[in-house]
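Naming follows writing order (A, B, C, D, E and F), and every chain is counted from residue 1.
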């Protein structure tokens, strides 16, 4: 069970970092296809809990009560032989409720292709996606700026711009000015696991722990005002106030009393909302 | 299925790097407890294929036809309250076929504890394991050198030294002179996935690929003498000789002809043997 | 006059570095349009003396007795609206003696455009030029490798690849495997001037120089075997042999005896040949 | 013509950086002798426009309606054999309107020579110039501090200190406390050219540009309050206010209406004044 | 005599830096045993003047009118064979006025040993000292945090924590939160000497100095408000006010008028008090 | 006594590094004036043992049976007011057996002064010394090259060049080509002490040591062929051969048997000779 927590927490934490760095823009988890299928639903669920806007695996989407989202694949464009033809075919056939987001990096330079697609689908075009290969990303922000400029110049200011392909949170500060949403792959799904460990710290009431661990059972307190955490022995009695003067709350609460669960299970939507609320308390570099 | 290959290959590759860096010493995969239980057998199998000496999850061990290995846990020592008492209890109860490898980092400094354990179990002691906490690893190689010295000085040259705890291949060059075997955790189980992609490169016999990919079906050739690889179009005819003059062999071979498999499935042992053979061709820094 | 020498020598030296780094590939000077028109002929002449294969300013070309070379401009393609159409128009109208080198970076990705152009002009196509904008140069060598691959795959192995746009000698080691020639601009024309100075070192036969300069008239000797230089007083008599044992020759020779020039003026071609000969003696990093 | 603009703008820009870094001290352009004589007047004119206090080439000085300035050369001191003798000869012969600025780095240490010269010329000495060779500049600021100290100690506080020789703007922060003026050579005259390019962005009213360029004709606006610039399509109508709330002005204005110039040509003095005014808006590190 | 001042000032200055970095914690000089015995008293005296709390050499302690301080040696623990036995023997035999500070790094990990010692000596234990070997200092602050935690958890909050062994001022910021006092060795006793030099700056009233030195006799003024120093010629008359507006005082005052000393000799205690007062004016990184 | 060994060994070791780096050139210890007078003889003796050519303190020189050496001081030149006058006075008065080495950095640039002094003392001049202030050392090697050139040009090739002033072994590789000898000050006299420690490693025949130390008495063996050292328990019996096959010798030998010394005391000259012999076995960077 420990492994489940370590890996799931790693994914959710990385998703939260990306969501924070995107500063309000949509972040969609695309990474499930690069991990073992057995854990794809776990990865998607935790990406969602950490703040992702949507997930791309239908099964996982069902688990969390959201709809899977996505855009047309490169394969469609390759088979059709032209981006505009593929966009028009997609537009003709697919249910009108689905947003038309067209991949524009397959054959041509994104600047040219964005204009061609926008002129073909007109107001029905919801967005374009740039999955630009790395060998063509000399200055990705500049490419995005050009696409935005050309669309705006032609009265297509409503077309949204999505980017994907090896994006991580460190790149977002540069790209945010031109981007409406991100598709994030292995950056989230292959996140570093959090090395939680379960340690014996007390034996029959006697504090005892191995070297490197602090012995005795503990309380973890968080100040509800400045969000600083503090670890104290369980025996510490009433939690002292934080140095900032704010009240402290216990982060560790009993979940099961040996017979029944003391809390109702939260919906993924409720958990995600709580995460986003906490995230708002932290600076981008903390 | 792609995700399976990406993650499995990442694990096997990292295991191979560790095995190479250990220069003949045993490498045991300890990392299964930090990944989701659903993929623990996959992780263990691929760690084994990449060259690990053994695995620590019994179920996975069964899958690959090997026995799970391990050493006594910190918990036993904490509950007994003393390393020597725990070692003696283990020695008294456990089947004699199991090697006595005693964890010596729980309470005391490793140098003192190694001598105490060796004097208690004498020739029955097979090895000691140092899972030394990071806060006590100022110069881990120096600690190991002292343990080796004190054991040798007391006629315990037969006692083997194992280390674990956040070890990666970069640390091994320093530690190898004093170490008989490594236990490797998340370094292997949380390895970076290899970003394999499946791309359309040909449509009905016509070479076509998206930007960033070379079009047309291909052969991947490896020189059997200098091990250099070369990618050529399928249409390239007979493989040219390598610049080194050695003969080239095709790395891509058909596995399934549409009706039956063309090769028999290899045992994990056979695959691992082949990996170790290939590994011998590469330098440590290649 | 000193300024003429300082700037001219700076240009010729940089051109020689580029020629050396190109390892036998053609280097054409493109930089004249970024310097004041009054010195463009000087820049072109010295780029040629330093080893450039050709120059792009007709007036300068005339001065050194070579023909100006160049390729079609972006403007032609923009006005025609399509690279292939522009290439076909150029091919139809321009004298057959002029090599068809087509710019392929204007609208589309180079990989796609190279194939389109090659299929249109077939064997008449001499080469393609990539002046790829910096924002699209994530890995320029990789783009070139793809262009080379796609051309070869379609039997267009004879088409040469030229690159231009902010190229300097440091980038060439990566690009050389895929490139047949370079167009170099401000790297050469805006080269750092060499800070030659004219100093008084002797007054009426008496050695005297300001601080920082060695006094007395001197000979500059170069070993004809190991190419090492040595500076000695004029009074040093017969030049000693080099430590390597090779004979030394004087690099400073009288050019004018007060009444007439003692040497005939060399042609630019002869000077360039001598420079290339000297260049062959130096390693790439010396 | 493009080359003229690229190189001239590079020179003027570098001169402006130097002027800014000198924080009010005089900056004189000395670099004309290290560039081709054909462009010396262009270099001098642009150094002046960028903020230089004077120029050293008489012809160029005439063009801009200023007098050439300079100090005695090393040659005079070498020929006279002693700095004080040379200073006295210069003082005796040269028109009294010319400022006596004596070079003090030829033979002796600057500290000693400054005192000797000041005691010889007394109140007629306007300044000393240190063109100290690099091999003697262990800590140039310290040498200047000593010269300043020794002059002040002897009641020669009126003697100004000028420095020259490979000075660039990065060194000025250290030297400014002791310096009254700088002579700047190749740092300005060999400035990096600005890579202006002329691009087609519209064909017969239709926006079209090559990759890497934004299409359509444009306005460049500058906020007259915060000095931030913004580029918008010509079709953007009335310029929006800056985010800071300040009014924007067009930087591109028509100069010629096809028949006559719409503005009178400015004097170099007027242009320079405008540059210095703009410079005052920028911080040293912007 | 110059050597005496250079070395003594180097020691006192380093001691002051350490005292400043310790931010109010005790700093004891331990370094006398690593310097030649002939200068141990000089080292100890100057360590004390610079702010050290005490010294460890009895002879030097006598000179400055303080008592030598120290803790039990490793030798006692090695000979007794156990830290607790040694602590109990020390506690039994040594005068009750001496503080019981027990070394806890000899055999066992500090965390375990701190608890054992505290439980044996109870309220009689004044402090523990960690002279932890470098090979065990992976994260010394973390080890100290654990020791502090375990003592507090067991009601031993009164036990002080001392550290020693290669400590320098750069490490103190990390360690201060858990430390009550430092023992500093060669960091202080082997401090870099201050390269004072005695230079001739005036000969029979005439200002004259070698290159690199400013000539003439001088006053050194310090602003009593902002503590900035300024050097002016002796002839400068009444000291100008500081730019900050504060009054300046002369730092150089006559000590001997040729017949008698003009000041009474200060006690080491008085000098140290003055140093600590000055120290309070400077920031940690000035 | 330990302090004596730590500091003395630090000085001797640094002197040996300097001697090695000087590659055969003379190294004279100048540093005694920057350390406490009580240890000046110790410093000088150990500088000599480490390989220094001479010492500058007469008392110390007497102790080791060598003559103190030195050159004229800056003070003499300042008082005389001119370097040449001081040199001539020194030459007139001082015993002819003393080598005329003239300081040439006091007032003028070294290049000028070297020539003046050489022309005044002619063949009687043995050498010049450059104690050039740091603020004038932009490129000290270049200054030395000029001095050497000017002397040679005037037939003064016999005049030796000495340098001093903050020289350490790292600078010598650059300076050696022009230098005949070095005067080294605080680099040697303020050398880092070697942190020898005396540790209990055996109690009544039982191996016991604190953490961080290897227990038991030991032999230190050095291979007489490859000079590699090895530490083994005393009980190790006959020393094994080195991996290189060379014979090993014991570095620890009894000096005193409880009643008498087993070796005769060596002269400083004999010790120094042995040190220089050992030094020859080591590379410059080992």
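By definition in this document, a residue touches a chain if its C-beta (ideal position, glycine included) is under 8 Å from a C-beta of that chain, and two chains touch if they have at least 3 such contacts.
Quick caveat, the model's predicted, so the values are computed rather than measured.
For the copies subunit A and subunit D, give the interface type as same if over half of its residue numbers appear on both sides, and as different if under half do.
Mostly different residues form this interface, as fewer than half of the numbers used are common to both chains.
Between 0 and 180 degrees and rounded to the nearest 5, what angle rotates subunit A's CA atoms onto those of subunit E?
Fitting subunit A to subunit E on C-alpha positions yields an angle of 120 degrees.
Assuming a repeat means more than half of the contact pairs shared by residue number, which candidate in E-F, C-F or A-B repeats D-E?
More than half of its contact pairs match D-E, so it is C-F.
Give, as an integer number of Å, the spacing between the C-alpha centres of subunit F and subunit A.
Using C-alpha averages as centres, the distance is 65 Å.
Can you check how far apart subunit B and subunit F are, centre to centre, with Cα atoms defining each centre and the answer in Å?
Roughly 53 Å, centre to centre.
In whole angstrom, what separates the CA-based centres of subunit C and subunit D?
Roughly 31 Å separates the two chain centres.
Of all the residues in subunit A, which ones touch at least 2 other chains?
Where subunit A meets two or more other chains at a single residue, that happens at 107, 109, 112, 133-136, 142, 146, 211-213.
Which of line, ring, star, complete or other matches the graph of chains that touch?
Other.
According to the definition already given, which pairs of chains are in contact?
A-B, A-C, A-D, A-E, B-C, B-E, B-F, C-D, C-F, D-E, D-F, E-F
Which stretch or stretches of subunit A touch subunit C in the complex?
Residue list for subunit A touching subunit C: 107-109, 112, 133-140, 142-143, 146.
Give every residue of subunit E touching subunit D within the complex, in rising order.
207, 211-216, 233
Can you list the residues on subunit C that touch subunit D in the complex?
On the subunit C side, the touching residues are 1-4, 6-8, 10, 32-40, 42, 74-75, 77-79, 81, 105-107, 133-136, 186, 189-190, 192-193, 195, 199-200, 203, 208-213.
Name, in rising order, each residue of subunit D that touches subunit E in their complex.
109, 111-112, 142, 145-146, 149-150, 153-154
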